[in-house]
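The following pair of complexes shares a single chain, subunit A, combined with subunit B in the former and subunit C in the latter.
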Partner chain A sequence: MFSSPTVRTSLIFTAIAVVGLLFADIAITSANPWKDLGRFFLGVVTPDFFSTEGLATALLRTVAFAFVGVALGSVCGFLLALVYRAYPVRIFCAFIRAIHELFWALIFLQFFGFHPLTGVLAIAIPYAGIFAKVYAEILEEADPEPGRLLPPGTGVISAFLYARIPDCWVQMRTYTAYRLECGLRSSAILGFVGLPTLGFYLESAFSQGHYSEAGAMLILFYVLIATLPLWVKPRLLPVYIIGAPFFLGEGMPIVWGNVARFFTQDIVPGPLKGDEGWSGMGSWLGDLFVTQALPGIWNTVILTQIALVATGIIALLAFPLISTHFGGPVRRTSGHVFLVILRSTPEYILAYILLQLWGPSMLPAVVALALHNGGIIGHLIGRQSSTIILRPDASTGLNRYTYELVPRVYRSFLAFLFYRWEIIMRETAILGILGIYTLGFYVDNAIQNIQFDKAMILILITASLNIGVDILGRFIRRKLALQTMPTC
Partner chain B sequence: MSGFDLKGLTASFGGERVIGPLSLNVHEGERVALVGRSGAGKSTLISLIHQQVEGIASLVPQNLGLVNALPVFHNVYMGRLDTNATWYNTLTLIRPFAKDTREVKALLTELAMPEKVWIPAASLSGGQRQRVAIARALYRRSGLLLADEPVSALDGPSAHLVMKLLKDRFATSVIALHDVELALAYCTRIVGIQDGHIALDEPSEKLTPADITPLY
Partner chain C sequence: MFRVEVNHVILTGFVKRVRKTLVESHGKKKDIQMVLNLIRKLALTSFLVFVGSATASAQTFVFTAIPDEDETKLVERFRGVAEYLSEQLDADVRYIPVKSYAAAVSAFRNNQVQLAWFGGLSGVQARALVPGSQAIAQGEEDQAFFNYFIAHKSTGLDRADTLTDDLRGMTFTFGSKGSTSGRLIPEYHIRDIFGEAPEEVFERVGFSGNHTRTLRLVESGTYDVGAINYKVWEKELEDGNINTDDVKIIWKTPAYPNYQWSIRGDVDENYGEGFTDRVREALLALDDPELLESFPRSDFVPASNSDYEPIESVAKEIGIID
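Then we have the complex of A and B:
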């Protein structure tokens, strides 16, 4: 068994995570963690839907930002997908999707302020990069034969509309709908940096200890996501997309002077603005690197590796919950509900809640990342395991789990896990905003101190780290011959 | 202008020569049947000819090349995408014009499947799919037909119906057929392919099924 490459890879990654644990700051620092957790759960089971009129507005804004952002992102992504063959386009897309929505929001906040455009672009830009990649892959996989059979002299557009799009349409539509769900989560967490979406109200309810109010918001958010197929119908889509921009709220007007200043002064590295010029750049960059980037990278990598393995463990434990090979319909339905909650809760919100309850350390982040990502992978693997047909006299219970199912799903499990590696790292970096010392912490700090030049460099470093992990993850998946569809 | 004269045709797969070098001269009005064992190179020869004649031919490839998500109508209509403007084609995608619908329906009636005009190609049976690809080739109205086993999924009567239609509508044709009877009945010239070379080339009236059997 140890000679199998998939097992060896798993063991190596587990060993790295265990070593990482020695260096990680894992602790519960709050005085009364379990009492707070209890009060929070009490809040969830006694939700208060009428405490504030802000609740309806928060949900409306969350939906509106998601629709406008995802729609804009998918249109731009589609156009980019048409020219995705060009190498510079690929690099550009990899780069814009490597920067988290919240980082984009933090950047735009500096010059657009609390204008709706900030939230829309924060979703649309990274999503455009992801859409471009996935659409391009779908278009590339389409059967080229119908295109070859067209009479010569057929226009490019006609050929594309008839021979390319129709067979890709269903897949593109499914993926876009799926992204809308991701967009709702992204939109919700934009509230944590001050945009008028769910996160904003959630944060204020939490900070005041209004757990019933927070519980109501979370429950409504789950309902919103779970009922997505019911209220998002193809025929209604144009109505939503045309209507959504009118529900983004007023925000603050854009001060164009700020925009100009941001690009001509704020993000110009310090030494270049002063008398030192290029000669001062070396020590400025060196200092930034040693005091902020390196510790940020170190913590981000450690946390990512621990969270990755924890995600894997949760996923393997969770998939039997919805697998048809275990338990009856009641157990499976509750398993479904549980996993929907796990994957619908953005890791940022989970981490925020746990951080409030347990105090600052890496623990809330690891648990949040593992629960959310483990929920997603567990759901996918569980669904896949249900398609496996076992022989009638197959073993039951734990033996069925270990001998029949896990070996059969392990490869796709690893494929999903390595696919999500880059996503986990992107999230790990962003969780720094909550006060864990990953790269996001240093970015947020630099922004608080109005050092946008440093913030931009740190964001660029974060993006490169993500691109690096993405390449490594793809290399490992290719090496182990693992294939998977994109998830978010 | 639907005949062709091709010389020195060759094709290789993975460094191994599968066709030729061979020459094939087909005059306008000739109906050529390519016969031979499977793997002899008939399909490769058909696609080689298709490349060489630069798109003047209507092609029915073995895998048909249908767009599965589109209804039968649009799959047939694609045969003439070049004759209409882009805006016209785009509108047709959303809502076809009556005169095109009439024409396509008439064609499908001849192929005994008029009721399928709005059914997506994906939900058709193998024989129906084959007839849609044939309808597309007919709709294109070019003089030369290149077809690779166009009736392999059709039952006896339908196969005869289709072969007769192809005979009437195309001035010139090159059809790969494994059915020797059909080849002799509907084609004027039999070309036997063996190991990528022409092993037999005779007018059909001079041949009997027994003359062709050695090729298999």
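Then we have the complex of A and C:
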């Protein structure tokens, strides 16, 4: 068993997480965590849909920002996908998608302020990077045969439109629809930094302990996502996309001078602005690195590794909930509902809720990341396990789980897990804004202190860390010959 | 906030027409052309509205405030102020809520708001970034503001004349990172008394986000000790929102200057000669007891930038501003 590379890899990663636990700050620090949790669940089952006047508007804005952001991102992503072979384009896309939507929002807030453009670009830019990569992969895997059958002299554009696109269309459409769901989640959390989406009201309701209000918002959000297939029809899409910009809200006017100031002054490192010049850069950077970047990187990596393994455990435990090999239809339906709730709740909101209830430590972050990502992976491999046909006399119960199903889905399980590694790290960094000492904490600190030069360097460091993990994850997947499809 | 209703009517009109055309067309080229035209028109209007909406409100006088308390309270309080100011100034005055102190400072700096109710520190930061801006009014109480350090009953701490070594190893929460009474002053005193950074003195240091939450977190025992703005403490106490069996005051800090209204230097240019003076007079003349009580302040008195020099030097000392 230990000679199997997948087992060895799993054990190594588990060992790293266990060692990480020794260094991690895992604790429940609040005095009455279960009482608060009880009050929260009471709030969810007694939702109050009419307390906040802005609730309907907030939902509308959440949808509008998602549509405009995702639409813009997919168009730009598609154009980038066409030239994705060029190395600089790849680097550029890897870079823009390595920066989380919330970081983009925090950057744009500094010069666009509360203008709709801030929210739209915060979604569109990282999504363009992701779309570019996935579209390019889909286009690359298209069957080359139809292209060869075209008569000589066919124009490049015609060949592309008639021989390449039809083969990829379904996949691209499915993926884009899937990203729209992710876009709704991204749009909702943008409210946490002040944009007029759901997160804005959710944060207020939660911080004041208005759990029934918060419960109502969460329920509406789940309904919104669960009913996506019902109200997002291909024929209505143009209407939505054209209509959405109307509903972004007015915000505040853009002052273009601020944009110029941001790029020419705000983000120029301190010493270069003063009289020290380049000679002061060494100690400035060194100081920033030692006091902020290093502790941030350390905590981000530890939290990521623990959350990665916890995600794996949750996914393996959760997939039987929807697998046709266990239980009857009632159990499976409730399993589906449970997993949909897990994956529809953005990890940022989940972490925020748990932090409020349990007090600050890495624990709420680990649990939030593991539940959300474990829910997604559990859903995917649960579906896959249902396609496996077992012998009529196959064992049942625990034996069926351990000897029949887990070994059969393990490779794709690992593939999904390593695919999500980089996503988990990106989220881990951002959870710092909530007060866990990951990189996001130091970025937020710098922004709160109006030190955008430091914030930018820290964001760049975060992005490089994500790119590094992405490369490592891909290397491991290739090494273990794991295949996967993209998830968000 | 936004002309949703109007757009909604336009939009549903268009949708109906598009749908009708789609149903009737069945592939007729002329009708498809019509649909395309409709879509084009709609796209153009939506673009114009998008751009137009960005400039429409340029002459509205906008203000914000640091989010130091529960949002519901802030919105209620500052809507009242907006109404009062728009009456007094005979102008369109609007309040926008923000999610962080830095967002308030940035909005002021970016001229998206022209007036703001800042804390001592955020005011110093904001005015340093906007040449010509000035502090024009402060609360009567802000001339000699102070803080309480509060502790959960389980700590067994009692009120003393200073912070004692018993605090070492306990958990502690500030308010917001950019707050004067929630961060700057407590951190200054902790460093001063213990000779060490807060992270060294306490086992765990958190940022609750605002004063109301600091109170709740210490009251529930999530943190042993916290630092809170005395005004928030007194108001909550008066409203019966504090269980004094669970949480109590252990130390009162020396006085310092705090909250103030700050205004940008270019408002006279943009809103008419003498506008700054009119805003100042309006604020100083505010005597609606209900509105004052919502702050809570007994009165507004004149303020100037130099009143906040002590804050600036403390902030420099502990490295919050360069």
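Criterion: the second predicted complex is superposed on the first by the 488 of 488 C-alpha atoms of A that agree within 3 Å, B and C clash if a C-alpha of one lies under 4 Å from a C-alpha of the other, contacts with A are read in each partner's own complex, and residues count from 1 in each chain.
The criterion applied here is as follows: a contact is a pair of C-beta atoms (placed from the backbone, for glycine too) under 8 Å apart; a residue touches a chain by one contact, two chains touch by 3 or more.
Owing to the predicted nature of the structure, the values given are computational and were not obtained by experimental measurement.
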Checklist entry - So, A:Glu145: does it touch subunit B (first), subunit C (second), both, or neither? => result first
Next on the checklist: Looking at A:Asn449, would you say it contacts subunit B, subunit C, both, or neither? Reply first, second, both or neither.
Outcome noted: second
Item to check | Contacts of A:Gly43 with subunit B and subunit C, given as first, second, both or neither | outcome: neither
Item to check | Partner chain(s) touched by A:Phe192 [first = subunit B, second = subunit C, both, neither] | outcome: second
Item to check | More subunit A residues in contact - subunit B or subunit C | outcome: C
Checklist entry - What is the contact status of A:Gly270 with respect to subunit B (first) and subunit C (second): first, second, both, or neither? => result second
Next on the checklist: Quick check for you: in the superposed arrangement, does A:Pro253 touch first (subunit B), second (subunit C), both or neither?
Outcome noted: second
Item to check | Common interface residues of subunit A - those touching subunit B in one complex and subunit C in the other | outcome: none
Item to check | Complex contacts: residues of subunit A adjacent to subunit C | outcome: 29-32, 36, 57, 60, 109-111, 113-116, 192-194, 196, 200, 203-204, 207-209, 235, 238-239, 242-243, 245-255, 258, 270, 359-360, 435, 444-445, 447-451
Checklist outcome for this item: Within their complex, subunit C touches subunit A through residues 1-2, 4, 7, 11, 15, 18, 22, 39, 42-43, 46-47, 49-50, 53-58, 62, 70-72, 96, 98-103, 105-107, 109-113, 125, 129, 152, 154, 171, 176-178, 204, 206-207, 209-210, 212-213, 216-217, 220-223, 320-322
Checklist entry - Which residues of subunit A touch subunit B in their complex? => result 143, 145-146, 148-155, 157-159, 161-163, 166-167, 169-170
Item to check | Touch list for subunit B against partner subunit A, complex | outcome: 54-56, 59, 61, 63-70, 74, 78-86, 89-90, 93, 136, 140, 142
